[in-house]
Structures are given as structure tokens and as C-alpha cells.
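Paired with subunit B in one complex and with subunit C in the other, subunit A is shared by the two complexes that follow.
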Partner chain A sequence: MTLSHTNGPGRRGTSRIGALFAAPYVLFVLAVFAVPLGYTVWISFHRFYFTAPGAGVDSPWVGLSNYRDVFTDPVVGRAFLNILIFLVINVPLTVGLSLVLAAALNAKLPFRSFFRAAYYVPYVTASVALVAVWAFLFGSDGLVNHALGGLAPDPSWLVNTHLAMPMIAFFVTWKQLGFFVMLYLAALQNVSRELYEAAAVDGAGSVRRFFSITVPGVRPATTLVLIYAIITGANLFSEPYLLTGGGGPDHASVSPVLLMYQKGIEQGHPDFAAALGIVLMVFVLAVSLLARKISERGD
Partner chain B sequence: MFRRTASALLALAMAGALAACARSGPDAATAAKAHGPITVWLSNNAQEAAWGRQMVADWNKLHPDQHVTAQNIPAGKTSEEAISASVIAGNTACLVFNTSPASVPQFQKQAGLVDLDDFPGAKSYIEARSGSLADQYRSEDGAFRQLPWKSNPVMILYNKKLFKQAGLDPEHPKLATYDQFLDTSRTLVHSGAAKAAIWPAPSSEFFQSWFDFYPAFIAESGGKPLVENGKPQFDSPAGREAATFWRSLYAQKLAPQEAYPGDAFGDGKAAMATVGPWAIAAYKDSVDWGVVPVPTSDGRPASEVHTFSDLKSVAMFTACKNRATAWDVMKFATSRSQDGKFLTATGQMPLRPDLTDTYASWFAKNPGYKVFADQTRRVVDVPNVAGSIDMWQAFRDSWTKSVVFGRQPVDSALRDAASKISEILAEY
Partner chain C sequence: MSTPTTESATPAPATRETPSPTTGRARTGRILQLTVLSLGAVAFLFPFYYMVVGSLKKTTTGDVSGALPGGFTTANYRAINGAISLGRSLLNSGIVTGGVLLCTLVFGVLAGYALAQLTFRGRGTVFATLLLVQTIPFQLLMLPLYALVVRNYGLGDSYLGMILPFAINSTAVFLFRQFFLQLPASLFEAARIDGASELRILWTIALPMARPALLTGVLLTFIGPWNEFLWPFLVTKNTDMQPLAVSLAGFLSNLQGTVANPTGALLAGACVLALPAVALFLVFQRHFTHTNIDSGVKG
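Right after this comes the complex of A and B.
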């Protein structure tokens, strides 16, 4: 009887009103995401460049030609390798440090609010300002090299082919850490205090409690942190652009998004940039799905 | 109800998208004869913007029915990117008084530029104003799509105070040959007078080669452009000499491999800079400067040294509805009288073959600019070829790899760059 009532005309009325309220957002998603994405896919299969209004220039179908250009361009390969280097450094560091820090900041510490805010400040500060701080520290004439003296790397950190990308990975880890700590802090509020008390009664030490209660307790948050960190890494633009002068020595820190900007905007090849964008999107989806599988293993 | 609403909204979105795709520009034939108000864009350089506003005020006084509005070029990483975006959007100003010749082929490909040859007398006006130098600014089909306006011939500006601190003679600096330049640079840096002898941006942007390699190559080759008759010219003894000279500066730590976050010359961190006469106004209160030509391996006399012109053009864009007025303003702004006012306000050189004679009294009062004016007779610009920016980017990639960071021998890097540029030219 109840079931019949909820599936009756009243429910359909509610559904219609809900759908009506959702319609503006659906329209927004179509206009801002779906249409541009479809247009990007279309561009990637045509010989295309941006023209003045009414120019009447043909955009012939070229099949996979733009994709072939993307896959045979050594700079694209370098950009994806750079992203892998970035992810290998950034993602484990982000997950590990933010979880440990969140667990520490969740405990009763003196000046706890100060520490919570301190980790969050870099995240809410503009990248441009932080890049200046990083350059002051790691420039060839910077504070770190002064401290290291003869042990300083040559060429220096940000113009060193081997160090440029790791430096960007460390910079982004440091900048984003506060946000991920906040995610974990929120997740930790849902882990039952009784579990910790019971484990303590059973004689479990703090390390055992961390791995047996905290880590499994925040697993959904870990999945979110992983995927978000991967997407952030794949979308790298400002940091290599600002920190290493537009892609670093010999493309050592060029990222796919930076390359899309250079090819599509600076050099006037939006068709190549569109194909690269689609390849990047597939790459991010694949890596994110893989990360999700790994993080949710054992659930 | 929902289906109907959703269908209506979707139809609206699609209609909007289609309307956006079906945009159109002004009719060319009508616009070419139309007079009326126009907008012009000016460089963000303070002196240049001040001249532009004065020029527009002069025009508006004489032509109240064809009002001109002056604005600075919209902000962007470079002016060229801002202009390119506005070409696509169809809202470019009628005239842009800061168009880089390297971007002209791209704007042309985007159907963003008006062919100036369509205006009666335009070709002869441009040729008469700029003389034989105007030939460099024709498009590949022989038409003018830019009016070559003002040149900033690149020379070596040096800081006399730092030279003195290093124990060098600031009035007679030894900078004519590569060996002299390197010796002087070593003295400047090793004495501690300056952190860097010279500090051009070592970064990968395509246009940075205009301020390190290109002037050196033009000087060493006696005035060759990067590409001539569809063939790269720099994989040659002159190109190798110029690149090896710069490699020595980087290898000996006389030029830093890291970009300076600001103005290294203005801040006294670099003792020398490769700049045009625009720099005189910029540094007049902060640096006691001297100027010499770009060095060559054999130290040829100043009167034989060629360099990069760093010229900017005036271009008319297809978004313009009143092109007849725009052409008249273009001629007015590049007239003998306005060129004189421009020279006085900015110190930059209008591209006139008779510059020093035409404005003799001004050069007599401002002798510091005379050497730049003499240099304008021997300038070379970027080649006006399709794929220009791709070509410069390919060159820059090889340059940073080999010359700045020493990860590839200079000879093979130039060979690779020449091969890549040949491919780009063939593709276009």
C-alpha cells in the first residue's frame, strides 16, 4: 500500500519539479562542458585553425592525422613522462603526508588551530606569489644554494634537467597539502572513538592503531585524495610555466597542458592541441580508474 | 512537462551554439569605403601610449566627424596573443600600433588582416616612406598587410659605472670582437662588479632568440635573415660562430642559465644588455649607459655592422567597419610631422631612410640616439613567411638545449634546427 502510494502521481509530480529545478544546471553542463568537449573532439579530427568571423575557411576531415602528430612528437612523450615523474613523487607524498599530518592535527595538541591554519595558508595563496618564494629559496643565487655552498647542484635546481620536474612536484605537494589535510580531518571525524579505545584496551600501540583503524577508516577519503591529486597533476600549467620559464631546460618540465597552450594559442595549431587534450583526458581517466581500483582493493 | 522543458532548453542551447558558429564580419567592399568612428590600440609602453593619445587628439581636432578612440592593447602574456584572441572573437581595433612582423603571417592565415594594397596609393605611400627597407615587410604574395612603422635596432647597451668598478675604460669599452667581448665579460664578472656580463632570458619562448642569437647572426653574416628564399641560413659558418660565441658566455658562467625575475640591467645585476633605443628613456634615470654595436668575430667597424631591427608595424584588422577612415589615420599617424613627435616622445626610430636628415635638429640635441639612428640603415627583420612562429620555436628549442645548457654540440643542434625548419617551411 505504502509502496503503491510513493510510486503514484505524487511522486511523479515531485520528480517533475525536481527535474525542472535541475534543468538550469543540466543546461549549464551542456553549454560549458558537453558542447565544448564535443567541439574539441570534432576539431581533433579536422585540419582546423581559428579564424576571424566570416572568413569562410574550410576545415577538412583528416581522420587520425592530428593524433598521429601527437603520438610522434617527442615533446609530447617528454610531457607525459614529466607527468609520470610528477605523479610518482607527488601522489604518494600527498597521501602519506596529509594523512599523517591530519592524524596528528586531530589529536589534542597545543596551538592546534594555528598548525591547521599554517598548513592551509599555501593552498589559499596565489601560485604566482608562492613561486616567488620558491624562486627565492631555490634560485641559483637563492637561500638554499647559499646554505649548501659547494654542494649546490650545477645547473641549479630549477634549470637542472634532472631536478626541474621533481622540484615542481615538491612545490605542488607543499602548496596543496593543506587542502588534503582538511579532507582527511573531515574524514577522521567519522572514525569511531570507541574503536581506538577498544584497541588501546587490547594493547595496540599508536602505530598499530594508525594502520589498523585510521587507514581503513578514511579509505573513501584516500580514494578522493588520490583521484584529486592525479587530476591536479595532469592539469599542471602554472607551476612549470612560472617556476621553470615555460617548460624548463630542454622541455624538462613541460606538461601536456602547457604544451596545449603553446601549440594551440602561441603557435596556432588548435587541431593538434585538441587531439592532445583528448589523449590527456583518456590518460587521466585510465590512471584515476587504476588508482581507484588500488585504493579500494580489499573493500 | 519536464521533457518539453528540457527539449526547449536543449534547443535553446543548440541554437545559441549554432548562432555563435555562424558569426560574420563586416562586408569588405562596403567597409573599404566607409568613414566614421574607429578605435586604435596602442602599446603599453608609457611614452608610446602618451604619443598615441596626443596623435589621436590631433586627429580628432581636425576630423570631428570621424572620431578616433585610443586604448592600450588588452593585457596578455604578449600583445600578439591578445591580438590573436581578438581576431578570432571579431572585436579587434581597426588599427594596432604595435604589431609584430613575426605574427603577421599568422594573422593573415586567420583572415584577420586587411590587404593595404587595396587602398589607392597605399603601396607607393609605404615604399616612399620606408624606402628599400619596406621590401622585408611584404607578404609572400607581394602584398603589404602591415605598414612598417618604427624600428628599435638592437645594440649593446652597457653600464659605465659597473665597467669602471671592474677597472675597465667606460668610454672605450673593448667589445668589438668575440674575444674582446669575452675578455671584458670575464673581467666584469670575476671582479665582482656584476653578477652577469649580459643576461638575456634563457627561457624557451619562441621570441627570445631575437635578443641573443639573431642580432649576433645578422652581424656575423653581414645582414642575412634566418630564412632566405625558403632556406634556413643559420647552419653556416656565420651561424656557428655566433652560436659558439653565446655558448662560451654560458659555459663560462658569464651569462646565467636562469631567467632573472625582473630587469637585470636596470637592477645593476647585468653589466650589458641587448636592447633598442626604447631603453634610453627607460634607463635614463637609473643607469649611466654607453652603447656599441653587436660584436662580430673579426670586429668589423660600426658602419658595417647589421643587426635585428625589432620593428613594429601598424596593421589594419578585418573587424574594422570604417576602413577608409582607418587608412587615413594610418597615413596621418605615420606622417613626417607625427613621426617627429613620436621620435621626440619615445626615442624610437620611425622607419624612414632619411631619418637623421629629416629630424637633424632633434638628433643634434640628443646625440645619444644618433648611433641608433645610424644603425637603422643596416637592419634585418624576421622573415615574413608562413609558419613563422613554429619556425622560431623550433630554433629556440635547439638553442636552449645546445647553447644555453650544453646538452648537444652547437654544430649538430643548428643542423637539426635547420632541418626541422625546412620541414616546417615545406609543410606550409
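Right after this comes the complex of A and C.
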């Protein structure tokens, strides 16, 4: 991120009015982030039920009991495994495809703005709308199966234990790819042109130049792809809920957030869901730090 | 929000071309590039084409004939309108999105201006919080927010309840701050010496100059609440209050039996949901792709 301190604020700017201007945002952050975060931690250590306001139901302290339930629930394990499957498919595909597309778009080409628009359109479109088309494309009687004929998987894509989660990973990769193409396109502007020229003089072919100059040159963008992929994986809800009908066969595509919804709201165990939320948050932080370490190694 | 957002106000440098040596190999390379880009564009646009064609068919089938144009009817649009009262859903989507945009612009500009051009106690803390908040996945806080907003504040089935968690977009605050930082402090000093109030300076000097940043802020903010599914899905029980993404998902899950051509009706609804965001994107494509994406890369 660009943090410019050089062109800072005037020293004589009035101080009280500044705090007043920032106050609505501060209140918003307190109300929407800080208080709910604290409340989640509190709920996760208590036996908690949703009640109407004013209904005097006790919420006794239960220590780590909710966390024990989370760690012993096999579906929770499945949900985290599903995020890992998601990442294993999404990250290499996103990095590979968006880098190749961005490198191709970076040259002077006819129809360049058309191509850019084409890749960006799924990104700005609602998941719910796109899920409807994918369900139609990959349904058991859908176009893909008609095209494949006897090669169509049985059971079909979205109701198949082995294919449900990969389908979600492919869907999300497709939907978000345009964003990352633009990200890499911007990153390519920062790669030194002289390096390409020097390499060309030294006789390096275009493939060699791509791997020796382009790939390391856009490393900060790749780190960002990793972080975004992890956050997206942690946030998955609409796709497993709608595309694979509430989490797929045998929870094959259930996600932690979907599980939080099912346990917390459908089945009335918000305390379990709160503990799961905290575990998920720690998981996201840990994997993000790890990803940052890995992608920055070798610098 | 489940989609990664972009951040920055600094305009991207004009696209630089990768040098292409003028050999015979260059032409092969260019044909290869165009082929890769065209194949990509087909993969990205075909689902949209299929969505539109499917929404206009009398009977929408998954076989190859379903992908060919012809035999068009508007019956599906009338069917989805009857099943989920399209007008009302669109109105709800519009009110929620409009409310989010208004709050983001008003409070976001105030906070961004304060962070960039005014000094006040705690400014550093507010800015650090701003950066932190952008990395916290919203879905993780959904249960405590649900408990607070719906159960404690009684805002279920209300526009305010749907707007609240998105009321101020942190990315937009960051964007406005970056923009106001670029304006010279001396510009504001002169007005202050003349005795103008900060609000007046903001309104008459800073805002007119900030129009490009405001436009980017609107574009960035629009697709979030318009496409959002999970939060309004939690908050609304009453179908009269549901935004289009939620009522369409409701149709997908349990109303398909009520119409003659359910797939066609679903795709018609998907077209209506997709159209505003896609249209806005195509009209303002330059702003989407050029102004707001690169700062994250320079990490």
C-alpha cells in the first residue's frame, strides 16, 4: 500500500473539527467490527442462545467447552479441508492464468479494451446470478454433460462427492480472475523495461524472459493474490450454499462460514458458531502469515 | 464482502508496452497472444451469452439447441416477475445500495479529509485501524452482528439493518484520504486565513476537485451492496423486504415448481440482477480498470 507521509497535513489544521469529521467512521468501526469481535469472544466462552430482547435467559460460563465441540466435530474438519482444497486449486490457477493473460494484454494489441472488459465482467456480476448459469451449465442435464456424452461424470458435477468442492474452486477462480488480471497488469508496469532489453541482447527467449524477469518482478502482486485467495476461501458462503445445495453430498463442499450459518442460525447453537468463527480467524491469520513468508522467501 | 476490493487514488501510469523485436518470430508471438486472449474471452463471456439466450427461450433446455438463438419469448421475465415481484426486489436493492453509497460518500469524505488535511488526537490510531479493518473478513463477524442488529436492536426486515454493516466502506475512506493528500495544504491554508470554516472549505474547495475520486468511490462501493447475498439473507425474513439477490436465491432454492419454465425464469432473474452492475461497469470501464487497482501492488 502507498503510505505517503511527505505531503502531510498542515500543522495548523484545527484539531477538534478533525476528530469530529472522523467520529462517524470511528463509531462505525466500533459498532461493526470491535463490538461484534468482542461479543464473539464472549459468546464463545458461554452457553448462549438467541433470545428476544429482554427475555431473561442465563448464559453461563462454560470455559473451553464450545471449542472442544468445534475441534471434535468431523464436519468442521471437513470444512477446513475444503478450504485447503479450494486454495490448492484456486491459487496456482489464478496465478498462472492471470499472469499469462496479463502478459498477453500488456502488449499493443487490437481490441485490448474489449479483452479487458471481457475478463472483468464476471468480477462485477453478482454471485447469485452467475451461480444460476453455472448450475444450468453443469447440471446433470446441462450443456457440459450433453457435450461430453458418455464421458460425463456420474453423479454429475455439482452433486458428486469428489467434484463438488473443485467445482466451487473453479467457479470462484473464473469469477475473480479479471480482478487479478488487472492487478498483474498494473504490476507489470513496475517491471524494468531495461531488464527485458538486456535479456534479449543476451539471447534469452520469450519463455526464459517470462520466468526470469516477469515472474519475480510481479512477486508483490503474487503475495496479494495469496492473501486474497485465503480471505476468499475463509469467506465462502454463497457458492457452497447455492451452487451445491447447502454444502454438497456428505458435506463435500461445506465451508466454515456455511457451517457457522447452519449451526448458529438454522440449528440454534450460536456459541458453537462463535467458537468456530474465532478458530477460523486464527486459521486465516496463520495461513496468511505463512503465505507471506513463503512468497517472500528468496528475495 | 466476499469479493476483494481495490484501493488507491493514484492513477496508474500510462500502459507501457513490452518491447517487441521486429523479427518474424514477433508475428507468431502476436498471433499466439491474440489466440490466448480470444480463447479466454470466450470462456469468460459464454456463460453471459448462455444466460441471456436461456432467459429468452420458451423451454430452456440444457442440450446444444439451448445455446442457439431463436424462438424467443419474454414469458420468463413475466414468470419471474410473478414469482418474486421483481419490481419490489429491485426497489429494495436500490434503496439498500443507495443508502450505502450515500453514507459512504458523506461519512467517508469527512473521514478521508480529516485523515489527510487535519491534525487531531488519535489520527494515527484511526489510520492504523483503517488499514486493519480492511483485512478482517466481514463474514467472520456475521453471527454477533446478527445477534446485535436483529435481536438486540430489532432491525430485522429493515433497510437500516441491511445498510448498517456496509454503511461506511473502509476502502473508500482510504481512497478519499489518498486523494485529499495529493491536494496542496497551502490551498486550504489560504481559505482558513480568510476565516472559512472547515466544512465550507471541504464543500467549496476540496469536493469539486475530488470528483474523480468520488466517482471511483461510487463504482467501488456499488457492486458490494448490490451483489451482497449473505447479510441481507440473514436480516430479511419478509419477502417484501428482500433485495433481488436474496429473492432470486429464494427462488433457486424453493420456488422453482411454481412456474412453467423454472430454468428460464431463473436465468431471466439473473439477467435483471446482473444488468445494472455490468452496465455501470461498461459505461465507466476506464475508471474501474485504471484508477484504483495498482496501489496494492506496490506493497
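The rule is simple: the second predicted complex is superposed on the first by the 271 of 299 C-alpha atoms of A that agree within 3 Å, B and C clash if a C-alpha of one lies under 4 Å from a C-alpha of the other, contacts with A are read in each partner's own complex, and residues count from 1 in each chain.
In the analysis below, a residue touches a chain if its C-beta (ideal position, glycine included) is under 8 Å from a C-beta of that chain, and two chains touch if they have at least 3 such contacts.
Just so we're clear, the structure is a prediction, and the values are computed from it rather than from any experiment.
With the C-alpha superposition on subunit A as described, subunit C and subunit B clash in the combined arrangement.
When the two complexes are overlaid on their common chain A, residue A:Ala135 makes contact with subunit B and with subunit C alike. When the two structures are aligned on the shared chain, A:Ser212 is found in touch with neither subunit B nor subunit C. Residue contacts after overlaying the shared chain place A:Thr51 against subunit B and subunit C alike.
Look at A:Leu37: by the touch rule set out above, it reaches subunit C but stays clear of subunit B.
With both complexes superposed, C is the one of subunit B and subunit C in contact with more subunit A residues.
Of the two partner chains placed by superposition, A:Ser192 touches none, neither subunit B nor subunit C. Legend: residue contacts after superposition of the two complexes on their common chain; A:Leu105 is shown touching subunit C, with no touch to subunit B.
In the superposition on chain A, A:Ser127 contacts subunit C only, with no contact to subunit B.
Comparing which residues of subunit A touch subunit B with which touch subunit C, the overlap comprises 15-16, 19, 26, 31, 35, 50-53, 132, 135, 139, 141, 265.
Taken in their complex, subunit A has these residues touching subunit B: 15-16, 19-20, 23, 26-27, 30-31, 35, 49-55, 57, 75, 132, 135, 139-141, 155-156, 158-159, 161, 245-251, 262, 265-269. Subunit C makes touch with subunit A in their complex at residues 2-4, 6-8, 10, 12-13, 15-21, 29-30, 33-34, 36-37, 40-41, 43-45, 47-48, 50-51, 54, 60-64, 66-67, 107-108, 110-111, 113-123, 126, 129-131, 133, 135-148, 151-152, 154, 164-165, 167-168, 170, 173, 178, 181-182, 184-186, 188-189, 192, 198-199, 223, 226-227, 229-230, 234, 245, 248-249, 252-253, 263, 266-267, 269-271, 273-274, 277-278, 280-282, 285, 288-289, 293-299.
Residue ranges of subunit A in contact with subunit C, taken from their complex: 1-2, 4, 7-19, 21-22, 24-26, 28-29, 31-33, 35-37, 39-40, 43, 50-53, 97, 100-101, 103-110, 113-137, 139, 141-143, 145-147, 174, 176-179, 182-183, 185-190, 193, 196-197, 200, 206, 218, 220-221, 223-224, 228, 231-232, 234-238, 242, 257, 260-261, 264-265, 270, 273-274, 277, 280-281, 284. Residues 1-2, 5-6, 9-10, 12-13, 16-17, 23-25, 81, 84-85, 87-88, 90, 106, 109-112, 195, 201-206, 256-259, 261, 317-319, 389-390, 393, 397, 400-401, 404-405, 407 of subunit B touch subunit A in their complex.
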